[in-house]
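Shared chain: chain A. Partners: chain B in the first complex, chain C in the second.
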Partner chain A sequence: MDWHSLLTSSLEQALGPTAVIYCLAAIGLNVHFGYTGLLNFGQAGFMMVCGYTMVAMATIFDWSLWLGLALGLVFTVVFAFILGVPTLRLRADYLAIVTIAAAEIVRQTAGAAKFSEYFGGQDGMTGFIGPFRAVNPYSSEVGIPGLFMFGPYTIWVMTVGWSLVAASCLVVWMLMRSPWGRVLKSIREDEDAVRSLGKNVYSYKMQALVLGGIFGALAGVMTGLRSASIGPSFFATDVTFFAYTVLLIGGAARVLGPVAGALIFWFLITALGTFFEQATGGTDPLIPAWIMDANQASLMRFIFLGLGLMLLMIFRPQGIFGDRRELALDAR
Partner chain B sequence: MHAVSPRRLVALVLLLAFLATAGGGTAHAVSSPEGEGTTTPAPAAEPCATIRDNDDDKLQVIGRVCDRRERPQVAVPDVRIVVEDTEGEPVGESTTEPDGTFVVDLEGESIDNLGMTFTVKVDEETLPEDTKPEITERDVTFNLDRDQSVTFPIGDAGPGSAGFWTQALQLSIGGLVFSVLLAMGALGLSMIFGTTGLTNFSHGELITFGALVAFAVDRIPGQISVGGADVTVIFAVVVAFAVSAGFGWLNDMTLWRPLRRRGTGVIAMMIVSIGLSIFLRNIYQYFAGANAQNYSQYSAVTPWEIGPVLLTPKELIVILFGMATLLVATSLLAYTRIGKATRAVADNTALSASTGINVERVINIVWISGAALAGLAGALLGLTQGFDYQIGFKLLLLVFASVVLGGLGTIWGAITGAFIIGLLTELSTLFVSAEFKFVGALLVLIIVLLFRPQGLLGKAQRVG
Partner chain C sequence: MPADSREILGDDAHDATPAAPEVDVAAARRALDDVPREPGAPKPDPILRAQGVVRNFGGLKAVDVDHVEVQRGVITALIGPNGAGKTTFFNLLTGFDRPDHGEWWFNDKRLNKMAAYRVSRLGMVRTFQLTKVLSRLTVMENMRVGATGQTGEKIWAAWQPWLWRQQEEDNTRKAESLLERFLLIKKQHDFAGSLSGGQRKLLEMARALMADPELVMLDEPMAGVNPALKQSLLGHVKSLRDEGRSVLFVEHDMDMVRDISDWVVVMAQGRIIAEGPPDSVMGDQRVIDAYLGAHHDVDLTEAQAEEQILAEAKAEIAQDHAEEQQ
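For the complex of A and B:
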């Protein structure tokens, strides 16, 4: 067992671009679920709408990425309205089902062979990354020798990504200590009480859905930048579920909960993955092949993930930094 | 990298088969039962030849054109085939031989053409007069040693709409099979929701569980015969039903009942069910692998021709058996004591507890029967179309759509919703390509919620 490589690869994943993506997605879910009590299970859809718009505008019409990003954010807002209008007056689980369905609609439509001329079908789109690569200020590897090392492009994506995370956290922090944020939190606790004070609960929920969706949209943009390509497989339903796990590990309704969650989640997932990969690899594996082969080893981290999510929700729903009283929400 | 030696034949085998998707009410569409049909389109009626290998080092497009409305398939001679490159320039053409085969030579060494895409077109003018092709061209990319079978569906030229309606009828059969299975899943989900308030995201895994159990039983060496007939798979389906019931009991006893005791909120339980779904799905893949599987029997059966439509015996059995199961389940809910108790708990838990109904026992029975229905649906689904470790997860959204469409927590709503969604997914392929059939069903869900948020049969209930 090579503990050192296990540690370095886990650290690199915990700090790397993938953790940034899930962190941003979880910040959006924090606004939805943590602060307002909305069950958005279609965060992958929000990510995809913005990411795909930006990339498609760049590859089809040669737009700049900035312009594509702006249009993508507009589409994200429209998407949030389409989902919110029918469901925000209903019980919480209706929003859950509609958002998960809408995310799947977007994914299957954009990945369809019929539109492969524009969106590249299941392969997705590439060849838009030039302008972003061109402004990369890094020219060499960055890192602490012996702990982690990132290539020049990865560190550039990380710089942009973690800056976005910092800005998003700042926005969430400022909003949630404002009167507006207090209304959101009280909607989570008791909708009727808020309504009796004359607040338009429907409108506040819609604003929260849009705001959280925009953070999700930034996660979608980062997905495109990380991989220098974008495709439907990056936005499967499980992406949303993983983002929820990230949020719940760190602690919902805490500004820095998603950040801590993303670091811990990706460290553990990679450590588990590497451990089982090493334990089943080589000529004399630690775990004999009749118990577990290399394919099965790659599943172990997801088995632990599912188990972990269940145990977390049962025994410590507030996560590491959360406050249990803040998560006393219930479906209506 | 010298993957291609110059002497090697690199041929793309292209099967152009005339598939009459609509048998049609027209006389020449279905060969007469005597077999010596006098109205067959190809008078020569030479059986369609298989493609022969050919030993030169040129790159060629080879293939055959067969009329699949006949059994055995007959060759279609004298059809002009044109091969064009990506710019639309013709690079070669040929005419089908009396045995239906054709060969189109391509210019240049084989290595030059690798990775290139060509369009193979059928000249419509040269097709037999009574056929009406829906697609007349296909793009093919040359990859080494990769045979490709391409189907050109061609309907009858007859009076337009007849083909459409027979096609609709044919698709409704598939839709009914799907609806029945969907309804079994939806009924369980809806009952569990009604009695416990839990939106169970791991319900799809209960469906997969049934398919896997049936597969495991089917895999046990030896076969089970009753009166000389091999009934291994039927036995496997029955076992899947029973074991799934036990799995439902286990689910409730080890996880959900303790959670209810602790007073865990329904949203927390929903997230627990997501965790359970991820956990079980990967456990399934751990033991069953990622490949699609089929049972040992009934994976390929010859269909009956009933009028213009084709119906396989297993489709009929699944429809009848599924309908009977649904009827039994709903009758139990409607007329038996425990069924009435279930509906009472779904309506008002506290009130039914105070009238002496053992709520925990009712919920336990709901879990057992819901899981049994889901498992049966999974086993039958595996029987009709094969399965893999995530078949239930793929189906879950459509089950949700059915339940929400009919009205969350209602029994008849779940079944009505399932039939609407099931038929809609299949029939939508009449108008849009098959890859959008799930998208259409999910869109209907969102549109219905816009106008009738409580679902078709749900009670209006203002929230917010």
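For the complex of A and C:
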């Protein structure tokens, strides 16, 4: 068992671009679910709309990535309105149904063979990353030797990504300490009470849906930049559910919850994955093949993830950063 | 209590938004002397009027109010047996439900199809039968949400604290004086979810007052409150009137109705069946019938009772039989 490589690969994943993506997606979900109580199960859809718009504009029309990003954000807002207008007047579950369906519609449409001429079908699109690579200030590897090491491109993506995370956290922090944020939290607690106090609940929910969607859109953009390509397989429904896991580990309705959650989630899932890979690999595996082989072992991390999530919900439902006092309440 | 509370409330409580106009309570009550004691009677100075409001739930006509007016500056009680449509009527008036037809006015402003939050902004703020406190917000935050016209509640201003800090401080001071009056000041940093049932009722009432409403609509303010707290709640409701607000409340508790209301409106099966001052209404035959059934004072002898039960049972069996055959 190579404990050192297990540690380094886990640390690299915890700090790396993938953790950034899930962190941003979870910040969006935090605005939706943590603060406003909106059940958005289609965060992957928001990610995809913006990521795909940016990349498609660059590959099809030779737009700059900035311009594509701007249009992508506009489309994200439009997407939020399409989802929100019919459902936000209804009970919370309707938004959940509509968002999960819409995210799949977007993914299936963009991945359809019919549009492969434009969007590259299931393979997605590549060859847009040149301008982003060109402005990379790093020319060599960066890291702490013996702990983690990132290539020049990866560290550039991370720099941009973690800066976006910092900016997003700042925005969330500033908004949620304001009276505006207080109205969102009140809506989470009881919509009718807020309505009876003269607040336009529908409008606030829409604003929250758009804002959280924009954080999701940034996650979609980072997905494209990380992989230097973009395709439907990056935006499957499990992306949304992993982002929810990240949020719940860190603690919903806490500004830094998604950050802590992303670090912990990716550290643990990589550590578990590497452990089982090593334990079943090689000539004399730690776990004999009659118990499980390498293929089966690759799924063990998800089993443990599910188990961990259950234990978290039972023993610390408020997450790492959650407020213990809230737990003492019989809120519902 | 009323005089004290006014003092505690102080003048600054009325700074942010124009308060309810000062009304002479005695004069408002005297004005009701000449109002005929009959359903739908016109009032000299109505703050709320409703005309032909009907709400059907499937085949059931839950509310069918021909005409009703609520006098300004007094406490009006809306009573009636369970299922009379009181709460539904309340929901219709406050925009939480839409009637099938009908019109109603608040201060001569027509409220038809107006969203609940707009109704509230006009100065007609309600509370709920099942108390709705915002559990995972502190008591103070609950109060602050109640304030109207907050600049910081707009998203473009929210991230610029210097635009709303002053207003927030004013609201906090106002909330503090209200919490003091409603004896919740020691709880201001606790989560509202940790309050007892009675304290929640108080908080809900105090929160409604943050908006400086002209008309306070209380849906069963005494439901689930212990007798000791009931007295204090009664005092609070009276103090609302004494500071010039109009109060309309739904209630089951007859002692409370008798004790504090200036005018009583009785509903049964969706209709207004009687109106008048508490004493005259309590003696009204229609009201007694509505509550106790039309034949409650007719004694049945044992033989008659047996006969009647037998007849009813027979009729029921016959009906069941007929239904089976269909």
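To be clear about the criterion, the second predicted complex is superposed on the first by the 322 of 332 C-alpha atoms of A that agree within 3 Å, B and C clash if a C-alpha of one lies under 4 Å from a C-alpha of the other, contacts with A are read in each partner's own complex, and residues count from 1 in each chain.
Basically, a contact is a pair of C-beta atoms (placed from the backbone, for glycine too) under 8 Å apart; a residue touches a chain by one contact, two chains touch by 3 or more.
Everything numeric in this text was worked out from a predicted model, so none of it was measured.
Three-chain overlay on chain A, with chain B and chain C fitting side by side and no clash. Of the two partner chains placed by superposition, only chain C is touched by A:Glu189; chain B is not.
After overlaying the two complexes on the shared chain, residue contacts for A:Asn30 are found with neither chain B nor chain C. Of the two partner chains placed by the overlay, only chain C lies in contact with A:Pro179; chain B stays clear of it. Partner contacting the larger number of chain A residues, of chain B and chain C: B.
With both structures placed on the common chain, the touch criterion links A:Val201 to chain B and to chain C. When both complexes are overlaid on chain A, the residue A:Ser10 reaches neither chain B nor chain C.
In the superposition on chain A, contact is made by A:Ala101 with chain B only, not with chain C. In the superposition on chain A, A:Val171 contacts chain C only, with no contact to chain B. When both complexes are overlaid on chain A, the residue A:Gln43 reaches neither chain B nor chain C. Superposition on chain A leaves chain B and chain C with their closest Cα atoms 8 Å from each other.
Counting contacts by the rule stated earlier, residues 195, 201, 328-331 of chain A appear in both its interface with chain B and its interface with chain C. If you check the complex, the residues on chain A that touch chain B are 39, 82, 85-94, 96-98, 100-102, 104-105, 108-109, 112-114, 191, 195, 201-202, 205, 238, 241, 244-245, 248, 295-296, 299, 302-303, 305-314, 317, 328-332. Every residue of chain C that touches chain A in the complex is listed here, in rising order: 94, 96, 115-118, 120-121, 125-128, 132-137, 141, 144-146, 148, 150-155, 157-159, 161, 164, 168, 191, 193-194, 207-208, 210-211. Interface residues of chain B, counted against chain A in their complex, comprise 197, 199, 255, 259, 262, 264-268, 270-272, 274-283, 285-286, 289-290, 397, 400-401, 404, 408, 433, 435-436, 438-439, 442-443, 445-446, 449-450, 453, 462-464.
Of all the residues in chain A, the ones that touch chain C in their complex are 171, 174-175, 177-183, 185-186, 188-190, 192-201, 207, 211, 325-326, 328-331.
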